[in-house]
Amino acid sequence: VLVAAPDLAGREEILGVHTRGKPLGDDVDLKAIARQTAGLTGAELENIANEAAIFAGRSGQQRLRQVDFEEAMERVVAGLQQRRVVTEKERRILAYHEAGHAVMSHLTGDLLPVHKVTIVSRGQALGYTLNLPTEERYLHTTEEFEDLLKVYLAGRAAEQVVFGRVTNGAANDLEKATELTRAMVFDYGMSNAAASRTMRADNYALSEETKRLRDQEQARLTDEAFAEALRLLQKHRAALDRIALALLDKETLDKDELAELLGGVGQESRSSETVGTVRAIAAE
Amino acid sequence: VLVAAPDLAGREEILGVHTRGKPLGDDVDLKAIARQTAGLTGAELENIANEAAIFAGRSGQQRLRQVDFEEAMERVVAGLQQRRVVTEKERRILAYHEAGHAVMSHLTGDLLPVHKVTIVSRGQALGYTLNLPTEERYLHTTEEFEDLLKVYLAGRAAEQVVFGRVTNGAANDLEKATELTRAMVFDYGMSNAAASRTMRADNYALSEETKRLRDQEQARLTDEAFAEALRLLQKHRAALDRIALALLDKETLDKDELAELLGGVGQESRSSETVGTVRAIAAE
Amino acid sequence: VLVAAPDLAGREEILGVHTRGKPLGDDVDLKAIARQTAGLTGAELENIANEAAIFAGRSGQQRLRQVDFEEAMERVVAGLQQRRVVTEKERRILAYHEAGHAVMSHLTGDLLPVHKVTIVSRGQALGYTLNLPTEERYLHTTEEFEDLLKVYLAGRAAEQVVFGRVTNGAANDLEKATELTRAMVFDYGMSNAAASRTMRADNYALSEETKRLRDQEQARLTDEAFAEALRLLQKHRAALDRIALALLDKETLDKDELAELLGGVGQESRSSETVGTVRAIAAE
Amino acid sequence: VLVAAPDLAGREEILGVHTRGKPLGDDVDLKAIARQTAGLTGAELENIANEAAIFAGRSGQQRLRQVDFEEAMERVVAGLQQRRVVTEKERRILAYHEAGHAVMSHLTGDLLPVHKVTIVSRGQALGYTLNLPTEERYLHTTEEFEDLLKVYLAGRAAEQVVFGRVTNGAANDLEKATELTRAMVFDYGMSNAAASRTMRADNYALSEETKRLRDQEQARLTDEAFAEALRLLQKHRAALDRIALALLDKETLDKDELAELLGGVGQESRSSETVGTVRAIAAE
Amino acid sequence: VLVAAPDLAGREEILGVHTRGKPLGDDVDLKAIARQTAGLTGAELENIANEAAIFAGRSGQQRLRQVDFEEAMERVVAGLQQRRVVTEKERRILAYHEAGHAVMSHLTGDLLPVHKVTIVSRGQALGYTLNLPTEERYLHTTEEFEDLLKVYLAGRAAEQVVFGRVTNGAANDLEKATELTRAMVFDYGMSNAAASRTMRADNYALSEETKRLRDQEQARLTDEAFAEALRLLQKHRAALDRIALALLDKETLDKDELAELLGGVGQESRSSETVGTVRAIAAE
Amino acid sequence: VLVAAPDLAGREEILGVHTRGKPLGDDVDLKAIARQTAGLTGAELENIANEAAIFAGRSGQQRLRQVDFEEAMERVVAGLQQRRVVTEKERRILAYHEAGHAVMSHLTGDLLPVHKVTIVSRGQALGYTLNLPTEERYLHTTEEFEDLLKVYLAGRAAEQVVFGRVTNGAANDLEKATELTRAMVFDYGMSNAAASRTMRADNYALSEETKRLRDQEQARLTDEAFAEALRLLQKHRAALDRIALALLDKETLDKDELAELLGGVGQESRSSETVGTVRAIAAE
């Protein structure tokens, strides 16, 4: 899915196309917007441009301002602003769930840095963590995808670590994790058992053995990632509590606030460690 | 299914839309109606607004009264009032079946409090128990869903405990229980064996082993809930008899009558107990 | 299927609708007709009303008489009167087949009392036994459905007991029995192994194990019912012979003639026995 | 399939309908034609009536004669007269194949008596044996269907007995035998393992075990019938040779010629023997 | 498939239909053309007639000559004349591949005599062997179909015998062999395990065991035929070399040239041997 | 797939068709273009002709030049020129990935010689290796297809050898390898277990055993090819490094530069060795 989306240059170009004929304020930086919308499709970018125009119009502005684009981005990413009444109990679970994502993003290095965490509900989502990659990435190693799995599963892991039980709030995270392991096992040959072939079948039937192998490898990848997520959040429980309490207090934390709260916490990622090694080798 | 329905604010708004242009009596409290219709869809809410107008018209009223909305709510929830001739034997089974639901709702705490129980047939339903949640809920723990299963299965459990045999009258309850366990196992990762992945498959085939795991976990969840429902109703047989006899006598019991009959009966729910603990932890 | 059909009041109402505008004789008792048509659909009731008008017309009558409705009911239930030439050998098998149904209906109590038995062919059916329930029933226990299975399978059982071999004449009975066990196992949770969940699947695949369980339980239910039907007909062979010989002699036996021939034969039904117990318990 | 076709009276009626408006010769006996067309559908009977009119027209006749109907019947049953060039070797195989059917029809009694055997090719069929039942039959016992299987498989059995090898000429016979065992096992409960239920499934999936059972029982029925056909033809090899040589000589044998050639050969059928017993019992 | 195509008389008739209105030269012998086109469908025969007219037109002829039909036949059988550039290495493989088919046709007797062999590419085919049956055949024994399998597989067998490796050039031959074994096992009851029933299923599901049996028998038939083809070509390697070298030299060999090269080579076919025996038996 | 595409002459003809009406420069050599586009479809060739016209137009040329066709060929093969920003880390992985393909193409002889290698991204591809066959080939041995598999898998193998981990960059290579093994096993009879039959099924169900066999053989073929690719690249690590470093330096390497860098490296292919032997045998 990451591969199919337009790249940085492509996104800037698409934004240019859809703001053609709309006067832009001096502060508008399409490149910056493009940088913050990695992974979005062309249709979603068009949507952002249109929403920005609507916001500007509502504010009685002739020109589209950077703030209009930012509001539009949030709406498209997390749905329309709509306050939901959540119970106090749900609010606490939410705070820890989102804190779990944030802490794990930090622990797994620069793969998927956190831009913003909130427990203010938007659209379908009760809360959300906005991740923006620092640089465009096309190639991912198995180890990096495994880190990504940990980030997806860290919300549920935090619920388990703190409350000893889990909720249906992680349904969407589980779906994302399952889709990723599916691609890893079916398309990328990243299972232990089938490193040199795909296991997707369109026009013919696979054997029961192959289907079992696929399911087994998918299960192994998510189980290991979830176990690792549990271990890491238990180890960094103090950081998890700090962020959760700050969320209960302020509701939304931006990049800088997170950085301060996660100050002394180092990275714990097999992928980033090895990346260092790789660089050394590749640079020789 | 609970998640897909509009929330409290959404329901009030929807009711507002569908009563626009219809004069409302001073006693009409749309927020109260919204509070009593959690889980209903927009179409069902529209239906209630239309039915209320019809009732008001039949009573020769210019304005819609709160009583019209209440009658309309019942019709939509349990179908149109239509007297069915049930045998005396069926009436007794019905009374215990509905009493089972009511007792279990009480035992599992404030998750799904009972508003009304009746053995007067309406539409397809021979009798029914009307549950209205006290507060809007979005997140549910595994333990809460397990309590919900017990409430669904308590009608059949009561038949088994009292008569030593079961009827086809629980078919709809079983379907609801099966749908819930399906979501728990397929989507929410609430099975013992797959806590970190979904097991729904749209475009490809799952292995026999995964399908077996899904069925096994669904069976385990309902079997355990049914066994627990049997145990709890045997333990609280006196309360069950009290409510069943009152139903045979009065046919319909409201919230207050139920409260009186269930006076000394405490709650027996793993989920609500732990919720207390959770609150303690989360509040620290 | 019994549940989906209109109830007594509904049938009377439907008959009223379809006789509107048709003058009815003084002897016509729509309630009685409704009582005799339990299980029929609205379309079939409309069919009866129309057929009755045709019969009256053919007899040169201005008004529809009760006898027109009775002829119409028979046509709709068993097809149009059409004499088929059956061999003498087939006639004997038929007589015992239908006698089997009749004896078993008697043995299983008031669940499905026999109104008429005939070996005169009508439509597709070579012979038939007309069962009319004495009272409206909505709820059925497992044991009552098991009795119903015995009635369905008693035709084949009689062939086996008397001739030591079976024919294709029971194909329709087997289909009805299979449909009933399917509902018991798939929808009503009446299998030994799955008392608290349904086993019907629309949008996803069940495991082989669950499918095996379903088939096994369906097979057990029909096998046990068939074995019991064989045992009961062997025990009551004399009554079976009396009815079969009377059928070979008179071709058609009505309720009173059957009652006389089954005079000294008691009921043998686990379900009706327990029903007594249930009543005692429930009445306390 | 036999059951679905119209009966004797129905066929006579249908022939009456389709010859209405066509003048019939004095010798035309529609009842006789109906008697010779058991198993044919309404469409095929209509076809016969039309073909007869065409034959009469070709012969310059104003009225349809009995001979026109007889020619028409043959065309409909075995296709249009069309001479195919078969090799001498094929002719010998054909003669024994058809002789096998004829001998087996005789051995299995009056179930399916042979009217005519020929090795003159017609339409798709290289040769054929025309069976006409002596009386209308609706009910068939398991044993009678087993005899029918032997008749279907006797063509191939004769090839095997005489030439020690088999040909693709029996493909249609095998299909008919397979369809019959399918109905016996799926619909009529005539398998050893499932005497009281059907095993056809329209809207849901059967278990692998049930599918295995079905296939096993179908295989057992055809295997046993084929083995018995081989045994009977070896035992009656002399009769088989007599009929095959007569066919090679005359190409077509009618009922009387067959009767003469099979003069001293008795019947060997479990079903007809038992039928005698059944009659005795049923007549008591 | 052989059975479904029109026979000799049918083909001549079809050719007559499609040349109606086209003047034919005196040398045109439609019966001869029909004799050379056994197995072709009506559409393919129509195609030949049209192609012949086109060839005649190109040659400036008013009448269609026999040579036009012969060119047309080749085009329809092997596709349009189109020279492909094959490498020297491929040419050698082709020569042995086609020589394999030719030698095997000879060894298996008069079942499928070779009319022409060529390594000149036409249409999709790089080279081809044209087989024309000497007489019309409707019935085939199991042994004859087994011989046919050897002819189909002899191209690949020759590659294996001579070069010790195989190519994708046999893909079409394998498909034809698989289709034939499918008919033998599914429709003709020519497997070891199911001599009396078909194993094709349209409207219902076969068991895994039956599907395994089908695949097993198909595999056995082709494996045995391939092993026998290897054995026979090794034994007759000298003949294989003679024909391959002649093909490399002349590119095309006709019936007479083949006969000369295969002069001293006898037939090696279980089917033709037994046919002799069969004739003796059948002629007695 | 190679077989279905037009051959050399066909491609030249197709190019001729699609350049009709477009003036060609004197230097345009359609035969040379056809030689460089083996494997392309007619639609892709048409695309090249149209793109060449567009390039010529952009350059203000009246006539299409050879350089226009060459640019067009690259665009069609690797997509439109579009610079993507790849990270330094990705660039290193890319260089080794493409170097792996190039080295393996060299090692497997003249089967698929490398024309150009680049790490400049084009369209979807981050980098690519352009292979052009030296001569038209129709027939391929099993051993040649196995070499082709090694070339497909050498990109991933190089990642593994150098960095000790793999990326999703090989997804397309794995798909090509899987399609090839599918054809080998399903259509060409090149599996160990089924040398004489196809294993593709359109209208009926294959057994689980056959499906397992297919998957097993596909897995074996790719696993062996991948293991061999790893072994060969480890052995020729120096050559791999030379090409990767040259790519990091120059970004694109043509045929001559590759030849120089691979100067002293011999071929290591079972297929080409044996081809020599084959030639000797076939030439005798």
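Lettered A, B, C, D, E and F in written order, each chain numbered from 1.
In the analysis below, a contact is a pair of C-beta atoms (placed from the backbone, for glycine too) under 8 Å apart; a residue touches a chain by one contact, two chains touch by 3 or more.
Predicted model only: the values in this text are computed from it and were never measured.
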- Message: Hop distance check: subunit C to subunit E, minimum number of steps through touching chains?
- Response: 2
- Report the inter-chain centroid distance for subunit A and subunit D in whole angstrom, where each centroid is the mean of the CA atoms. 72
- Message: Measuring centre to centre with CA averages, how many angstrom lie between subunit D and subunit F?
- Response: 63
- Rounded Å distance, subunit A centre to subunit B centre (Cα mean): 36
- Message: Using the touch definition from the top, which residues of subunit A touch two or more other chains?
- Response: 205-206, 208
- Query: What is the sequence of chains around the ring when one begins at subunit C and proceeds first to subunit D?
  - Reply: C, D, E, F, A, B
- Task: Spell out the residues on subunit F that touch subunit A in their complex, using ranges where they run on.
- Result: 83-87, 89-90, 92-94, 96, 124, 126, 153, 156, 162-171, 174-175, 177-178, 181-182, 186, 200-201, 205-206, 208, 211-212, 214-216, 218-219, 222-223, 225-226
- Task: Write out the stretch or stretches of subunit B touching subunit A in their complex.
- Result: 3, 7-9, 135-143, 145, 183-184, 187-190, 194-198, 204-210, 274-275, 277-279, 281-283
